[in-house]
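For reference, the structures are reproduced in the following blocks.
What follows is subunit A paired twice: with subunit B in the first complex and subunit C in the second.
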Partner chain A sequence: MSHTSAWLILSAACCVAAPAIAVQYLTAEAAQKLLFPEATAFAPRTVRLTPTQKQWVEAQAGVRMRYSEQPVWQALADGKPVGWFVLDEVYGKHEFITYAVALDPTGAVRGIEILDYRETHGGQIVNPKWRAQFEGKRFGAPLRLDHDIQNISGATLSCKHIAEGVRRVLALHEVALK
Partner chain B sequence: MARMRPLTAGLVLAAVLGPAHADENLFGYVYGAETLPRGASEAYLWWTHRSDKGLGHYAADDLKMELEHGFTDRAQASLYLNFARHDIAGSAPIEDGQPEYPDRHNTRFSGVQASFKYNVLSPVKDPIGLALYIEPGYSRVHKVSGRPQRERSIEFKLIAQKNFLDDQLVWAFNLTPELEWRRFTDTGEKERELELEATTGLSYRFAPKWFAGIEARYHSEYPDFAHREHWALFAGPTLHYGDKHWWATLTWLPQIKGSPADPARSDRLHLDEHEKSEIRFKLGYNF
Partner chain C sequence: MKEREIRRAQPWLGTLVDIAARGVEADQAVTEAFRIIALVHRLMSYHEPDSDVTRINREGTLEPVAVHPWTWQVLARARALSEASGGLFDITVAPTLTRLGYLPRHPDLPRCSGQGDWRHVELLPGHRVRLTRRLRIDLGGIAKGFAVDRAVAVLEAHRVREGQVNAGGDLRVFGKRPQAVHLRHPAHPTRLVPVAMARTAAVATSAGYFAGRRMRGRRVSPHVDPRTREALPPMRSVTVFAPECVTADALTKVVLLDPDHAQSVLDRFGAEAVVLEYRESSQGWQLRTGARHA
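Showing the complex of A and B:
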């Protein structure tokens, strides 16, 4: 086969890409109500980190932060703050996983929810028992697979990236929400 | 969207996705260190097209059908059925005034293989991924000439994989010695040789579900397990797409350099035992 025809095959393969399949389990609003059932309002408090803060978060969490801006809401129950709702994305093997972290006013994880799962494999991360491992975790917790977070066989990449993402959210709380 | 309870969402997702699969091939030639999870299975179709010996006409296709199963979260096994097509006209090397093998135009069942892979270290959890692989095989058609044969082979593979940039950039390296013993059934001639191969690849997730990268393959042969008779280096692009239940990988590996070169064919490539170009397409289906 000539080199030209080989390139044509590669180009043709690019053109027949199937559309991405997005599986949405929760909207942000539904996740907010699940994580803070007592809340009566959610006030947007989008966090915009300075370059220094972003570097600090990355250094503390040990993972990259792709954007300087983080969508955050303060959960209020009759005007009284009851915690933070942080919307985040992490890499799956092929696509992003959208999830939310709920923090209580002291910065401890109250719960996490998976919103959009567009990944080919590793869907077991929505298992409530697996997600419950994060409850009560605070800034400084290792959040490492096979250490304080159990791995799910066949979903290692998703488990690892969610754990890293929660570590990043806890560092963000430490620098911008305390 | 209507609110869905987490447990319900989990059950729906488990029903939709089925078991998770980790042994998706990002490369055409290079193996990754991950294995299928326990209980998961995968069916593959491999098609490798080899062409152009710089003299006459040469085109060959190697077709493999593979069934793979994860027996534990670290150990998997595969069975292969192989077929070979040869379209050869005037491209055989000349020895003592005669072509080493005749022209032929046919497609045949060429043999069977089995493979066993054990994941020692995970490329996602551990500093570097590592796996051991062994593949015994039986072949009744010579890969290059298409001559009828009875060949027994055993291939060993050391697989290393390192992920970078939040696992979006994947590097893998394989070192593969293979021992072969064959008897050509048309002449009774016997051969034995060692094939030593090193492959490496780098692939990056450039868009959701898409990986693109490069692969390189060094291949050499040692007849009678003694001195190196020839070698060839291939390198080229690779493209991978992964969907919910299936994935596909396309790799093109032109020969970059080889030795010894036959001036009648090329001044820089080894084309007696290899070809100018190889294209491999792999299709995998998870179930």
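Showing the complex of A and C:
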């Protein structure tokens, strides 16, 4: 079977400054409601670790802690504690993620929601020849490059940093919320 | 009832899963879709000690292991893809991935003989699975696509009019409004390359960029050539458009290994490929479409 394959040069230099990927999924309040639908109140319980506690958390989790303060809320259902809502941030080589971890009263993970996802640099690569090839051909609609970047195939961003972050949150629970 | 637009993301299947939905039941639809993704994760994870995959790896050589119908379904699809590709897609390359540091060591599992391949994963009636050689299976190359397909089915069952499910590059979009699909540039992962506008599409991309690491001075990717059991260098990005994500996901590995001969396999599954590749001899990064337009 024969088919023509068209090779196109795609120079990375022809990158036009376009907005980098940034998605705001949820506000902290919306995440609280999703993770603790039964809760009637969220009491702020910001954790401030002593240098010794911070060291202990880092040793337990095997990751560095940037700050000694961690925003935490206690979820309450009619005054009864139903768990912890911990806000956290992680940084990767290219990305910056804000997320929330819900812990039940025993300290087990109940759920995780991403609040904010941002990539540094980047944007769309625009190459007129490249565009021309697809226009009207593949799925019957021309490319609109001004459109929000929503659908990225090949976004195999590792969740390693989130996994590390959750380990850190669990260690923090152990030392400060038990 | 008023229409709602929801977009949420959670970490599952070793990546970020992003689900967007527009519809009157969008809230419940997205919550339910994440529940389904979590179930696929629990069934098919190589890391979880009680997943179907781990149970097959632990006990499959001793006796047939009963698994969830979905696990069986994915194994059956994997087998069809292995057959069609002459073994270019193979779910038994896990020992190489462990050697390269992409998969954890499981010291409590039986030792691998190094002799087996996909032909030695036997699918028995009653959703039972037996291994006829001492080997390890890993559904990392196909389960994400399956999870995306199941999540989309949930969204559609909840009357979502327009939606998107993206599990680290295994992507499905549906709805009336055409949406742009982008790829990441293999050398500059935060730079995006638009490849298509689509109302409905199932897409998967495999490339070494984010997962690439160094091994004894050589750059390697998590993509293993079943013929040599060695990792491929991360110099190529492959995107496959197929009727379902489960097929697209697996076919990216076939095209990655042999882009020049993959066309007949793509045809068989009604799929198309886009290859982005670094060519030393020419002017750098080039793009090839498998589509048969002049």
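Note that the second predicted complex is superposed on the first by the 116 of 178 C-alpha atoms of A that agree within 3 Å, B and C clash if a C-alpha of one lies under 4 Å from a C-alpha of the other, contacts with A are read in each partner's own complex, and residues count from 1 in each chain.
One rule holds in what follows: a contact is a pair of C-beta atoms (placed from the backbone, for glycine too) under 8 Å apart; a residue touches a chain by one contact, two chains touch by 3 or more.
Note that the structure is predicted; figures quoted are calculated from it, not measured.
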TODO: May I ask you to decide whether A:25 touches subunit B, subunit C, both, or neither, giving the answer as first, second, both or neither?
DONE: both
| Where does A:162 make contact in the superposed view: on subunit B (first), on subunit C (second), on both, or on neither? | second
Exercise. Examine A:114 and indicate which partner it touches, taking first as subunit B and second as subunit C; both and neither are also allowed.
Key: both
(Q) Taking the superposition on A as described, I'd like to know which of subunit B and subunit C A:63 touches: first, second, both or neither. (A) first
A:33 in the overlay: touching subunit B, subunit C, both, or neither? Say first, second, both or neither. first
* To do: Mind working out whether A:91 is in touch with subunit B, subunit C, both or neither, as first, second, both or neither?
  => first
Both subunit B and subunit C touch subunit A at residues 1, 3, 6-7, 9-10, 20-21, 23, 25-26, 34, 94, 113-114, 117, 120-124, 126, 131, 145, 151-157
In their shared complex, subunit B is touched by residues of subunit A numbered 1-3, 6-7, 9-10, 13-14, 17-18, 20-21, 23-27, 30, 33-34, 63-64, 90-91, 93-96, 113-114, 117-118, 120-124, 126-128, 131, 145-146, 151-157, 160-161, 164
As the complex stands, subunit B meets subunit A at residues 1, 3-4, 6-7, 9-10, 13-14, 16-17, 19-22, 24, 36-38, 40, 49, 51-52, 59, 73, 122, 124-125, 165-168, 205, 208-210, 237, 239, 241-244, 247-248, 250, 252, 254, 277, 279, 286
Per the touch rule, the subunit A residues reaching subunit C in their complex are 1, 3-12, 15, 20-21, 23, 25-26, 34, 94, 111-114, 117, 119-126, 130-131, 133-134, 137-139, 141-145, 147, 149-159, 162-163
As the complex stands, subunit C meets subunit A at residues 7-11, 14-16, 18, 20, 31, 164, 166, 168-171, 173, 178-185, 187-199, 201, 203-207, 209-211, 237, 239, 263-264, 267, 276, 282-294
